[in-house]
Amino acid sequence: MIRKRLIVLFLAPASLLYGGLFLLPTLSTFYFSLFNWSGFGQDMTFVGLNNYVRLFNDTVFWLSLRNTLAILFVGGFFVFGLAFLYTVLITSGIWGKKFFRLVFFLPNVVSVVALAGMWAYIYNPRSGLINTTLSTIGLDSMAKTLWTSPNNIFWAMLAALVWVFTGFFLILLMAGVDKIPTDTYEAADLEGASLWQKFWFITVPMLWDVMTISFVIWMINAIKMFEFPYAFGFLQVPQQLYTLGIYLYIMGFGQRDPIYQLGYATAIGVVMLVLTFVLIVVMRRLLRREQLEF
Amino acid sequence: MRKTVFAFGLGTALSALSFGALAQDQVKLVYWSLWNEPEPGANVVKSLIADYEAAHPGVTIEAVWNGRQNQTTVRNALASGTPIDIMDADMDGLKGGLAGAGELLPWTDDLAGASPDGTGPFADLFYPTLIDMSANDGVSYQIPYMLYAYNILYNAKLFRDAGVTSAPEDWDDFVAALEKVKATGVNAIAIESDIAFYNVKWFNYLLERIAGPDFLLKAVEDKTGETWRDPAVRKALDMELDLWTRGLVPEESRGYQWPAAQQTVAFGETAAELVGSWLPVELADTVEEGFEWGAMRFPAVKGGLGDINHVEVNAFSFGVLKGTKHEAEARDFIKFVVSAPSQQRFADEAKIGVANKSVAWAPEVATARQSLDEASLILPENHGIKALYPDYSTNVYEALHNQAFLGLITPEDYIEQMVSRTKEFWANR
Amino acid sequence: MTDTTVAARRQPRLPGWVRRLPAYILVWAWTAFTLAAILYVVMSALKTKREVLRSGWNLPQEWVWSNFATAWTVGRLGEYFINSLLVVGVSVFAILLVSTPAAYVLARARFRGRETLTNLFVIGMGIPIPMLFIPIFGILSYLRLSDSLTGLSLVFIAISIPVTIYLLTGFFASLPSELEAAAVLEGCNDFQVFWHVMLPLAMPGVLTALILNLIWLWNEYQLSLVILNSPQNRTLPLGLYSLQNAMQYTGDWPGMFAGVTIVIIPTIIAYALLSEKMIAGMTMGAVK
């Protein structure tokens, strides 16, 4: 029905721009992952798959991968748990829905460095918000907790991260809920359905599409996660906060340490790409099957 | 009507052409900078460029303010053939980066030649061993112009109040002095838990004082990793951990994220911090009026092979890129920047130290400067391993030290892991 | 009469606000925290360099309005605001212009290699942006567009195509085909079907894509940092980035917060004004 000419005409601009300025250039750099190359000059040594072997034996790489997966799954659990909870609460008929929606989204428009500065104040061991509050209400032993000590800093960062992203996905989920006809809920109310039952038997199935998109967006963002944990480290990102994105950046481009191992960094990039792709495919499979049930 | 428009257009085109011809005599130097435009350092460079252009009518200098990640940006730009004449970066970064890759022009002849102000050889303008330290295999590819030393910076009043009148020169005296300071109710030492490269300075210095300036590099280059089992390593670790045990470093420091700890220094709650001489500038507007900065050399260890006059430093350096078409002008401008009057401007306004040894530093860092004057040996960042093995330095050396320093792993664990990670590093190379 | 039926009857009699009390408490807890956070940023912008470090959520002792003037002039935020507006505006428009037809074809046309092509577009979502740092310099200088807002726009368009196409193909695929068939029966050609029937139906989806692109391109600085060098070409996030760096090296935290405040206040206002429209779009958009 759609003629070939139109197909070509409609696809050409996007394909050219995307292929020429993004896909081919980046895929071509993946070729560097087979070399030892500093990025300076022409001095490249072919090392085959050595960079990948090295990744496999690199403690810091595994640490970064673990952190990335922790953000993806643990962070994702809380982001979506809270986003769902607040979607249900805000759409339960309380007054000021639009206002709350605006406020929840706000962290997404503030520069991450400013957010990191604020959270550093919140977590500060002595003068910080949490610990001063705790000691004011008499919880002196808890007020001694060092939220940003090396054993806690990753989780402290993740909590802040969840706060930012919950608002983003809340917007998407609320948009989905608004689309559900109100009489569905009214009918459920008449039958005496609880809030939980309404959520599970009406909201979730009706939200399936928006959830799929949200999950995919979260996954891609989580695997590439860079900005927020990076800003959380101000001068020097502590290793406890390394994600794959940060490690790639530090090995190939970054900060002030003259590491410059572009070949190795691109190998990390390849791993990230493969990881994303596999997860997208798996997600699509899982969600497609579910979709058939409804 | 149309004709006049055409003639007008032609005239403009012709005048543009002739202007173009004129402009050929004009030399335009492109300088990519490590400063951010709003920084005081950038303002000094701007004023120097203006003065230089006024004195050399044929030369214009275009500055591009990239910030501290300048070298990476330069690398990406060079890969596509962007013309750049001059750039600057951290000394050790440049050594391991552009200089190591052979992208910079050597300075050997100029350094042997006369200095810009005509007094003696150019190389003598700088602190002893500074030029050697920045060289790659004996060839200098960079000209340092800003310099900072790692010392124990302290609040002089708090030490006086505690009855410490002279800077301790030995570790035991140092610890005793800190105990006195602590007894007056202030914290002795400030530690930022998340900045591994600050904290590792304690270990660098202790290791140097105990086992001498060559030990660290030797341990890193031992492909079996076994040198890390040397008793000196354990001793250095125990000595720095003793500061925590004694409460000289308050326990809550484990949770301090930069700049939380240095702020306690600014507020007079903590007496001292081992850090670079940029600290007084960073805290200039935060300290109380009349805050008196002191800097002491890192104390010696009895019976050790190191020396109290060995000081660890780092610098900002200029390099001239191999592809430049205006080599002479580029070199001339850099010489102008390291000449005494220009350096004085950096010292006064940017207030970090400078590389020209004849120039006085700002009062806030005067004592840091004194430690350099007395220095018998200047050591590069992490004793050179940052330039030679930057990934090891960041990912293994600094990171693992921080875990041991903050009590995340035991000293035994630290040594075992250093041995195995050093082996891993060499196996992966 | 059993207990449960009593409970079931009694419950609806509770006044609405009582039943909703837990919801109010939970929602307000989050809201109060977030508002306090934003307030903290704004208040910190008004303090002295010394006060900002210790006074937490207290009001400034003296209100240092000059921090804003400093950040505004030193950071050249006015100029950069216009640059950002231009780059992001043009880019977002162009992204939709090229992605919408492509997504339509990928979703509704039948041709060989459609699945592969769709996957090729989708894979772009997973490419880490730093991978583009090195090659983009060469390409842009070949096109004589390096260090220019035009060049940056082109790159913005290229990197936003994958997620936009991903969103829109899903959207187009879900539209009912009856309307399409009816339009063909009435004599519309394929372009007319797209233009008069499918595109209007897809408008909510297009709006969603517009919003997502707007949000993330407005804040993008990693790539911009690599592509733009001249100070006069900087975008707002770059200006802020440079300001923040400089402030960190001079300990001027209020100055940094002032810069951030200058940038977020108009964003918040724009968001408050537009959110109604935007979210209305999403309501139908992401959810079909």
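Labels A, B and C are assigned to the chains in the order they are written; within every chain, residues are numbered from 1.
Just so it is clear, a contact is a pair of C-beta atoms (placed from the backbone, for glycine too) under 8 Å apart; a residue touches a chain by one contact, two chains touch by 3 or more.
What you see is a predicted model; the values in this text were computed from it and never measured.
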Inset, instruction - Have a look at which chains touch which and call the overall pattern line, ring, star, complete or other. - result: complete
Inset, instruction - Averaging the CA atoms per chain, pick out the one whose centre lands closest to the mean of every protein CA shown. - result: A
Inset, instruction - Any chance you could check whether A-B or A-C wins on number of contacting C-beta pairs? - result: A-C
Inset, instruction - Report the inter-chain centroid distance for chain B and chain C in whole angstrom, where each centroid is the mean of the CA atoms. - result: 39
Legend entry - Cα-centroid distance, chain A relative to chain B, in whole angstrom: 35
Inset, instruction - Could you give the separation in Å between the centres of chain A and chain C, each centre being the mean of its C-alpha atoms? - result: 15
Inset, instruction - Quick one: which residues in chain A touch 2 or more of the other chains? - result: 39, 234-235, 253
Legend entry - Junction residues of chain C, two or more chains touched: 54, 133-134, 241
Inset, instruction - Two or more other chains in contact with one residue: find those residues in chain B. - result: 68, 76, 79, 259
Inset, instruction - Quick one: which bits of chain B touch chain A in the complex? Just the residue numbers, please. - result: 68-69, 71-72, 75-76, 78-79, 90, 92-98, 100-103, 193-197, 252, 254-260, 386-387, 390-391, 393-395, 399, 402-403, 406, 408, 421, 424, 427-428
Legend entry - Residues of chain A defined as touching chain C within the complex: 1-4, 6-7, 9-11, 13-15, 17-18, 20-23, 25-26, 28-30, 39, 85-86, 89-90, 92-94, 98, 100-111, 113-115, 117-118, 121, 127, 129, 132, 163, 167, 171-172, 174-176, 178-179, 192, 207, 209-210, 212-213, 216-217, 220, 223-224, 226-227, 234-235, 244-245, 248-249, 252-253, 262, 265-266, 269, 272-273, 275-277, 280
Legend entry - Residues of chain C touching chain A in the complex: 8, 16, 20, 23-24, 26-27, 30-31, 33-35, 37-38, 40-41, 44, 54, 56-57, 97-99, 101-102, 104-106, 108-111, 117, 120-136, 139, 154-155, 157-159, 161-163, 165-167, 170, 174, 180, 184, 190-191, 194, 215, 219, 222, 237, 240-241, 244, 248, 253, 256-257, 260, 263-264, 267-268, 271-272, 275-276, 279, 282-288
Legend entry - List of chain C residues in touch with chain B within their complex: 48-50, 53-54, 74-75, 133-134, 137-138, 140-142, 146, 225-226, 229-231, 241-243, 245-247, 249-252
Legend entry - In the complex with chain C, residue positions of chain B that touch it: 32, 36-40, 42, 64-68, 73, 76-77, 79-82, 259, 263, 266-267, 278, 281-288
